[in-house]
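Before anything else, here's the structure in question.
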Amino acid sequence: MIPLRSRRRAAAPRETSEGGPLLRIERVQLGYWVDARFHLAVAEATFEIQPREKVIVIGPSGCGKSTLLKAIAGFIAPASGSISVAGRSTLAPGPDRAIVFQEFDQLFPWKTVLHNVAYPLRVNGHSRGEARATAQQFLELTHLAHAQDRYPYQLSGGMKQRVAIARALALDPTILLMDEPFGALDAITRQRLQLELNRIVAETRATLMFVTHSIEEALVLGNRVVVLGDTPSRVLEIVDVGDLGGPETQEYGAMRGKLRDLLAVDRELPEEEEDGGIN
Amino acid sequence: MKKLISILALAGLAAVLGAATALGDGKQAAPSKLTIAYQPGLGYAPLILMKQQRTIEKQFPGTQVEWKVLASGTPITNGVISGDIQIGAVGVGPMLVGWARGVDWKVIAPLNDGDLWLMAKNPDIRTIADLRGKRIATPTNTSIQAVTLRKMAEAKLGSSKALDSGLLAMDHPDGMQALLTGQIDAHFTSPPFQFQERARGAHIVARSYNYFGAHTFLVTVMTQKFYGEYPQFARAFYRNVANMQKLIKANPDRVAKILSADAGGLPTNRQFKQWLVNPALNWTTRPRGLMRTANFMRRTDQIGKMPGSWKELVFPPVYPTKGS
Amino acid sequence: MEASTSTVAFTRPRPLGWARLPVWLRRGIIGAILIVVWHLYAVHKGPLLVATPWQTAEAFYDGWKNGNLASQTWTTLRLLLEGVAIGALVAAGLTAFATLSKVGEDLLILLTSVLNPLPGVAILPLAMLLFGLNESALRFVIANATIWPIAIAVSTGFKTTNPTIVAVGRNIGLSRGRVITDVLAPAALPYAISGLKTAWAFGWRTIIAAELVFGVAGSEGGLGNYINNARLYFLTPQMFAGLVTIALLGVVFETLFGALERRTVVRWGMKTS
């Protein structure tokens, strides 16, 4: 077992003192200004995430799910409502809600793979030796130890995303946020990384909030799925998907159908491509 | 092959014709085209008069004369060497330096003797010794002013290089402005700038006549080659310069009017007349102080060789003046 | 570990003729031809106007041996380095200010559009009025020639920084100030180096031209003054030796910049050109 809680200052809480939810979103409204008008992206969202849960937020394109993630990360302030992480109302971005973006270019090109993972640790108070050791641990976890001295431009897209995941997890965040991280990858790599993510999250016992528009991905990765409707969006339904059988089972197919129906509710959607699942 | 032969034949014919016309030119009296270059300043008055009165054009109707005013002696020198300028007006210093380095030129007509003044505005600067370590502007490093300054340094401070560290090259208008605004401590200049500076509160620290005696200031030069081709024209040019000088002495009012008109009205007639009659400038074609200057420049290594006599530096029309 | 690529021997098609010769030979031949052309031109124009390659080489060698060229070159270089350093600092400050506030950005844009087009030599008289006739005036003029290219380049670099990595920077807990120094600055490095190269070139031209105008007629002075002096005294080989020195220095600095780039932006795969 990898010892993940090394000595560090300003530890991000993994649990709240009362054992309550790690993330609580209450009647949150989100929008943005274009010229002089305010556009509402999310009309109202309310849900919770418990420790060690893997929650997938799914919805049609443009429904505001990424906006919601960014609000939790602290980049946007909610127009109304409250967001609290481990009991604290979050305002500024911070490593307790480490985020993995969709773009490959989220690594610092002037740092090696190892330093990309170690540097955020140094920023948060770890000594050079600690940071290096921790970084190496997480690179081993993501099977990237052999590439630790390479520069990002020398890596493939899938490898870059794994580095980003390693970096985020090395910070031992309260909750790991992921914004369609596999969306830019090809189908094969995407499948592989989904499996890896499952393994990594299990080993690190992380809490995960994952945004996607792919039903298959939601079913593979998640315990619960929060379905958002069209903009300005609301939470349509929250379903448990943790105890489904494999993709060939009837329950799985039923759930897939249900989600598809939910997502097609407000408008005509093209048939969802079957590219996100394990076959 | 046939085409090649006919091309060669045509070329040969053209060459022969060309040579024939060239040979036919032979000892023409005057060049068909002439460029005369001078610098801004009062000392070039004889040339300005010739320009305004179209003297050359009247004497040699077949000659087209182009008059150029250039900012300093350097482009004039380059122009004479490369053949773009046939007659140039420069100071004695650059003339000597060029001559010593093998530039194939000599003086065709000296324009004037000039007493050049070292001006300062600061009342505390009275003698050469006061100038140690101060900023002094001269036209260029080889100008007669710079040379005289070095002579002054040698005479009063023991070494010709004593003031070198403060020397700056500035052309006359810039130097005057710098002196009057206090940016430099002394300006070694020439008429009319030295007159203007004195009128504006500067005083004379030293005069060049006190160190080189009465000496030539500006001269006109041409190449040996040009003289060889057009000796009659050169002689006529010399006579014209001499005549203009006579005119300046005889009728300064009229000359002042012409100069003022040439300068666009500013400075005025009266000012020009005042300057023209000032004894600091002596309008003569008799070269003076050439050997003395050359001697000093040779001693301080500014030129590499000495002329045997002043006659080596001038063309035959100047010989009768019994110069030095 | 990458798989070995030498298991199958691919042969490149052999180029013909000129392209077949090694690089150094091709450059050498062209260089030799140019030198011969130079020599013929010099002979044609005469020794007072153009020096031959051999005369130039001699004058160059003598100039370095007796230290004249060396000390005057150093004077010029020193002034240039000082001016560029000042320029870079001011540019960095202005750019940081522009990044942190809107007022700063407006100020930077305004100053750049007004002051950038001014050639150094044109503002030299103004500089001399402000600072007097000394080296500070020269430093001022060089600084003005270098600030704006660097400021433009760096602020472009900042503006075009991928917003994702800025978001990452904030996410991992960097303060605003540290985002500038730890994220924006390295991200802008390719632009900064390019701006520095431009600034160096402008500064170089400015100092030489200013020296020709400024014209210290005495015993000190830089490379421009050396060339001017040689011109006055008709020492054409020396003048050419001065020009050759400038050209050689240009090559030296090109190489230095190239090395800097190789060690940083090329290594990181960030080279923009």
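We call the chains A, B and C, going by the order they appear; numbering starts again at 1 in every chain.
The rule we apply is simple: a residue touches a chain if its C-beta (ideal position, glycine included) is under 8 Å from a C-beta of that chain, and two chains touch if they have at least 3 such contacts.
All values reported here derive from a predicted model rather than from experimental measurement.
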item	value
Chain nearest the overall Cα centroid	C
Most remote chain, CA-based centroid, reference being subunit C	A
Cα-centroid distance, subunit B relative to subunit C, in whole angstrom	40
Centre-of-Cα separation between subunit B and subunit A, whole angstrom	86
Centroid spacing, where centroids are CA-atom means, of subunit A and subunit C in whole angstrom	47
Residues of subunit A engaged with two or more neighbouring chains	none
Where subunit C touches two or more other chains at once, by residue number	none
Residues of subunit C that touch subunit B when the two form their complex	45-49, 125, 128-129, 132-133, 214-220, 228-229, 231-235
Subunit C contact footprint on subunit B (complex, rising order)	74, 78, 81-82, 94, 97-98, 101-103, 135, 138, 140-142, 146, 161, 163-170, 174, 178, 181, 183-184, 302
Touching residues (chain side subunit A, partner subunit C) in the complex	73-75, 92-95, 97-99, 101, 103, 105-110, 119-120, 123-124, 146, 151-154, 167, 171
Subunit C to subunit A touching residues, read off their complex	1, 162, 164-165, 167-168, 170-174, 178, 183, 186-187, 189, 264, 267-270
